[in-house]
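Chain IDs A, B, C, D and E follow the sequence of writing; residue 1 opens each chain.
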Amino acid sequence: MAIFTKQYHPPGTAPGTLSDLETTESIEYRISLINFSDTYFEEIKVDKVEKCRAFLKQPEITWIHIQGQPTPQILHEFATLFEIHPLALEDIHNTGQRPKIESYDNQLFTIINLPIFVDDSIISEQISIFAGSDYVISFHMSEKDSFEPIRKRLRKHSGKIRSRNVDYLLYSLLDIIIDEGFPVLETFGEKIDTLEEELLEKPTNNTLKKLHNLKRELLILRRMLWPHRDLLNKLLRDESNLINDDTTIYLRDCYDHTVQIMDLMETYRDMTASMLDLYLSSISYKLNDVMRVLTVISTIFIPLTFIVGVYGMNFSVNTKSSWAMPELHWEYGYPILWIFMSGIALGMLIFFKRKGWF
Amino acid sequence: MAIFTKQYHPPGTAPGTLSDLETTESIEYRISLINFSDTYFEEIKVDKVEKCRAFLKQPEITWIHIQGQPTPQILHEFATLFEIHPLALEDIHNTGQRPKIESYDNQLFTIINLPIFVDDSIISEQISIFAGSDYVISFHMSEKDSFEPIRKRLRKHSGKIRSRNVDYLLYSLLDIIIDEGFPVLETFGEKIDTLEEELLEKPTNNTLKKLHNLKRELLILRRMLWPHRDLLNKLLRDESNLINDDTTIYLRDCYDHTVQIMDLMETYRDMTASMLDLYLSSISYKLNDVMRVLTVISTIFIPLTFIVGVYGMNFSVNTKSSWAMPELHWEYGYPILWIFMSGIALGMLIFFKRKGWF
Amino acid sequence: MAIFTKQYHPPGTAPGTLSDLETTESIEYRISLINFSDTYFEEIKVDKVEKCRAFLKQPEITWIHIQGQPTPQILHEFATLFEIHPLALEDIHNTGQRPKIESYDNQLFTIINLPIFVDDSIISEQISIFAGSDYVISFHMSEKDSFEPIRKRLRKHSGKIRSRNVDYLLYSLLDIIIDEGFPVLETFGEKIDTLEEELLEKPTNNTLKKLHNLKRELLILRRMLWPHRDLLNKLLRDESNLINDDTTIYLRDCYDHTVQIMDLMETYRDMTASMLDLYLSSISYKLNDVMRVLTVISTIFIPLTFIVGVYGMNFSVNTKSSWAMPELHWEYGYPILWIFMSGIALGMLIFFKRKGWF
Amino acid sequence: MAIFTKQYHPPGTAPGTLSDLETTESIEYRISLINFSDTYFEEIKVDKVEKCRAFLKQPEITWIHIQGQPTPQILHEFATLFEIHPLALEDIHNTGQRPKIESYDNQLFTIINLPIFVDDSIISEQISIFAGSDYVISFHMSEKDSFEPIRKRLRKHSGKIRSRNVDYLLYSLLDIIIDEGFPVLETFGEKIDTLEEELLEKPTNNTLKKLHNLKRELLILRRMLWPHRDLLNKLLRDESNLINDDTTIYLRDCYDHTVQIMDLMETYRDMTASMLDLYLSSISYKLNDVMRVLTVISTIFIPLTFIVGVYGMNFSVNTKSSWAMPELHWEYGYPILWIFMSGIALGMLIFFKRKGWF
Amino acid sequence: MAIFTKQYHPPGTAPGTLSDLETTESIEYRISLINFSDTYFEEIKVDKVEKCRAFLKQPEITWIHIQGQPTPQILHEFATLFEIHPLALEDIHNTGQRPKIESYDNQLFTIINLPIFVDDSIISEQISIFAGSDYVISFHMSEKDSFEPIRKRLRKHSGKIRSRNVDYLLYSLLDIIIDEGFPVLETFGEKIDTLEEELLEKPTNNTLKKLHNLKRELLILRRMLWPHRDLLNKLLRDESNLINDDTTIYLRDCYDHTVQIMDLMETYRDMTASMLDLYLSSISYKLNDVMRVLTVISTIFIPLTFIVGVYGMNFSVNTKSSWAMPELHWEYGYPILWIFMSGIALGMLIFFKRKGWF
């Protein structure tokens, strides 16, 4: 995943402008609408935004979900229908925003990041949620639909989701996105454990690159998920009368999850830092080991090689001078030399032993 | 201990769902009930949850402790009897939660971590405590019972525990769990001291791995115990009328213990960091030492070996040319060479001495 | 960009003194004035400060922009006309100030930094903005004009800028400067990505210098942009009645951008730190690799070279002593020696294999 | 000094239990009592706790100091006489507590650490002080009495100590203990300065161990003294009506000292960290230096040694083949070889010069 | 500059005691008095403290400045005359205090640090300022007078200093001291830039020592200047009615300067940290480079030297055995050997090329 993921207009563009996105391929959008109360349930596919208007006037809660990448035209139609603020519209359209919560009159606008694994590397997808007094609109610019479990619970009337208000639906949507952090972090934890074992057993340069990649992903994951805590904190302290008291308990549970996710990411960060230290120290230790072997062998044999080199000289070959290497003519010259050389080697070994080199 | 220890439902599961845990082996549960007041004491083993109902109506304080892993069925029965919130129930069932305190109407729900040594490595066990106006329910999903000293004090009527209210019982339970941190940290401190000595005397690659393990354990221990301070702080500031003023002094003492435990963990963290630095610097220093020996020996003998190699050449053997190694024919060629070589060696030694290499 | 960029008077100079700047070359200044309301638009080039006086009494909003470096004389004339505080005047004149917001009676004075790339390295330019009840004066001591998009929007009556008050114009000016951070950080992110690839593939000493330069630029960029968050926070909390409620939403959006910019800079900082670790570990690993090859080759051949040196000695040449290297006279001496040496080499290889060196 | 110094009861012990301390040797205790007012002074040695009772009823201020290690029995007698809370009693008895201030009804209980040098290494001693409306009780479980200067001032009626209230006596006791930090930190600073010089001149492995010890001591010292700031802050904000307004100024001075001590400890910490960096970099630089010498010498002589080795081969000795080392038969073979070898050596030197290796 | 610079009395000394300072040489003191109002100006040298008394009763503002080191006697006379608190007196006398602001009834006491360069290294001098309703007393225990510019402005009636109150004079004194930080930090910045260039071009062990010294100075400078921000913050929030509203703007400007100075010091700190990293990595890279050259040369020539050593053996000299080095007798033995050795060298080169070693 690239470090810089924010989509933005050229500076100076009027707020609320929706330029065409230069994404490589556009993702086809589909709009689903669910209208429900404790006793009523209706689910339709919407092809025209205008169709949603009718549901707004009904007493039931309406949840409109736009999966995929709608055109600026469609977004403008939604904005007109639901009186969406131009700045919010721009944030929905230009993904890569920082998670945040913003309250416009009687509306709560939430941007939240969904972390998912694509090809073994973590990416983040922006989900934008609008909550009014009796409707929720959610935008998810991706192929994969994450809200199916909620829809199932709505259809089956399981749990309390049908009998509660808009705030509980908002909580359910936020909760599912935040909880997606746990499987992602579990996989991440397993990766760290695997790498740690590799590090302790046989570290290679490749291990290092894997470690660097983990740190990089963690860094980006942290930037993506960190603001969720503030988001939920703001939601809990929110003065808008959208959140009921009995939903607060659920949101506090959700808040605890964001704290736990942050704790985990901090632990992972410290773990990867500690693993890098382990790698570096390990490498240093091994280098030391290698050098000790080289030094012991070299310092023993280099002087010996010099000595045998001396007696390979040809001084005595052509001269009869008694100064010319008389040792060569001694009766016991050769064995004496061996004794002498063994003495040097032994002395060296004792010296190294004392130094504690082996 | 694995880094990721939280048990969780698939994202999107309705809150309060209790799925079967995929733990390798289930731990048989046993329920003990103590009913006491200053003048009354009754202790029974409970086999059916229904049996607890009778005690709730009595004026005495009832403490129900569930040791081991109860089935979801049992948990649901407790939930019904004591009106436990589904979210709390889920947190009791899915262990590995972050320590926290949560107040539901007239009930205080506490999750706290007990650090224990298993096979010389630290693990953490979750203990969940429910405190109502005249009852305390505690869950501990483990074999080992940690609350026996409290039970003894209750039976013997020692200290003030029998004459106080529910809040003092809650304090006693929290206090014993938090104080278990001290022996754990004392053992940890001894491990650090032992390792430090090993580092200063004869560090090996194994020392490094031990150090890494200490850092890892400390990291996880920190994540487990850090939230206890906030927990107690919240309990002290709590507006629920469960905590009486004279128990506050005891809770403040307990709070001081959590701070002291955090102080210790910080010191340990800094110590392990400093020890790693010591290891790395030590290794570097030794490498330097090794290399200096190699270099001194090599740079002295390599030129000398070259010189004796020169006079081992066979130029003078086959030619009578006066240009062919006339040195070999000199009367004092051999001793002159020795003087020359000694001069080189001496020069080198002086050079190294000046560099301060030995 | 130099680390120290602040221009200052000698300590003890009376506040509000405007000394001549010792910049190498002065930048010619030009003053543009725009007078506008929802229904009216006038744009003129101003050559004398006095000319501005007439516009102040009119009900329209007046925006005076001074591009380039005005003389102290001109500044004093503006100060007199708009009752600018001497301290503010000094800050406009001595660029390199810390971004800040200051409210003088009925006036808001803002200093903000514009980050731009000059010759592939980031520099920062100070923009000073004065906002009164119906006028805005902006100073930008540089050649390049950054506010042209605003002027275009004013001329074309696009967006809401013409129908809003002074606070919206102030927001628009701040917004364009802060948003200039995004393209700068995007370029920065690409530089980091490129360098990371270079690091992973073929790191050289030059890579290291590039990395150091990135860190340096990031450090300075951080110092320049960090105070923007506080600035906007202060503006949002400001009690001056200059900021209307419906502009607050826009300023909050602007505030979010400063937070996102800080998040990005933090991520970049951590990335560059991680990249340095990668570099160092990589270098260490390679050194280890190099040393292993050297050691394996050396320790195999050094003893062998000693052995063949032994049999190059001339003991047997001149003596008939039976102690003088009898091995040379053996029938199978030469092949036996080869077998012996092969044995040593093989033993060494097995030893290194076991050590896991190749 | 060991890292873990806290004395604690087994978890689950009832609060206020005083078990026998397992210290290696007990320190005999002595109790001194001073009863004073502006006009009155009486100093006695107390052998029975009961004797103190009489003084409590008198209007003068009574200061009881227990130097050494009293038995649990004695402590209980004091507790009964002065209505000391069991938790406070336990903290007095089990030394190694975190410095803190606690207010029980009309009583202020303070635990504070006194840093002293014993055998050139810093240890900390706990001093516990109880302040009531007209008495102060202080406990110091050590041989050495630190409060003698206060006693002298009381006897001589020097300064204002006799004419002030209990709060000023409490301040005087705290002040003397906190100020003991300055000579300790001065000595520490001198140690750092000495070690820094050693590092810059001739660092050895021993220097490293000294540095590690300094860091260790600093770490423990920090844990001991850090809480003093909070303690004084709490005392300053205290709502108990024990502290008069004119004593606040003195306590604020005392508070400033704790801040200055923390500043110094932070500086020391950064200094030791910087010194370790210096050590490591210094070692690396020297290693580089050593390796450069080895490499220059080796790479010049190794090829030359090969060449002279070539002409030491015996091909021409036994054969008459004209392919067998004809160079040996050339008239100028030997001098040509020297010229050739000098050329190689010169080339190498130029190569190294260009690389900037010497 | 030493790390520990605080002067202190032995712990337990009564507050306000002025012992003789053990500074190596005392600095002669001189007292100057300026009495001024908008219309009046008088400047005299004072030889007796008593002379100041007359000016106190006059309506003009009196500024008494004591340059150099007054005797305890003189200090006591000032204390009596101006009702200076003993603790403040002690702080004036014992220099090396932490910058702070303290308000005694109707008096503001300020301690502030002046950073100056002495012999190319930074030291700090303590300046103590007392401000009452119509007088200011300043103490500067140093030779060099820093307040001359203020005096000039007072004499020339330049700026507003003569027409304002005591608070503006206090601001002017603080401002000049704080602003002295800018030239000091500018020089520091230049030192860092110079060192950075040295590091990038030709780092030596001396560069490292210079870097360490910079870090050390920065550390001490930070401790000296850091509290200035809090000091000014306290002054701005001060409830004493000494500071008028229109002076607050000036103090806020002064506050901004302290923040900017802190920003600069943080940037410098990060820069020096980054430079150390650059140094270490650079050294590591160069070591790698050196080792690669050594390894390539060694591993090519060591096997070749072994081979020529083999054919320098004397097996064939004395024996006629057909097993004794028959290669020497081959017609093309010598050229075949050269081809063989060239093959080995070429193989090695290809191997190293593939490893990417050159």
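As a working rule, contacts are C-beta pairs under 8 Å (C-beta built on N, C-alpha and C of every residue); 3 or more make two chains touch, one makes a residue touch a chain.
Predicted model only: the values in this text are computed from it and were never measured.
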item	value
Required steps from subunit A to subunit E (each step between touching chains, minimum)	2
Subunit B and subunit D: spacing of chain centres that average the CA atoms, whole Å	24
Between subunit B and subunit C, centroid-to-centroid distance (C-alpha), Å	39
Overlap residues in subunit E, where contacts from two or more other chains coincide	280, 284, 286-287, 291, 294, 298, 302, 305, 309, 312-314, 317, 325
Order around the closed ring of chains, commencing at subunit A, then subunit C	A, C, E, D, B
Interface residues, subunit D side, partner subunit B - complex	2-4, 6, 8-16, 85, 87, 97-98, 100, 102, 104, 202, 204-205, 208-209, 212, 215-216, 219-220, 223, 226, 276, 279-280, 283-284, 286-287, 289-291, 293-294, 297-298, 301-302, 304-305, 308-309, 311-314, 316-317, 325, 328-335, 337
List of subunit A residues in touch with subunit B within their complex	147-150, 153, 158-161, 175-177, 179-180, 182-183, 185-186, 189-190, 192-193, 200, 249-250, 252-253, 256, 259-260, 263-264, 266-268, 270-271, 274-275, 277-278, 280-282, 284-288, 291-292, 294-295, 298-299, 302-303, 305-306, 309-310, 312-315, 317-319, 321, 323-325, 355-357
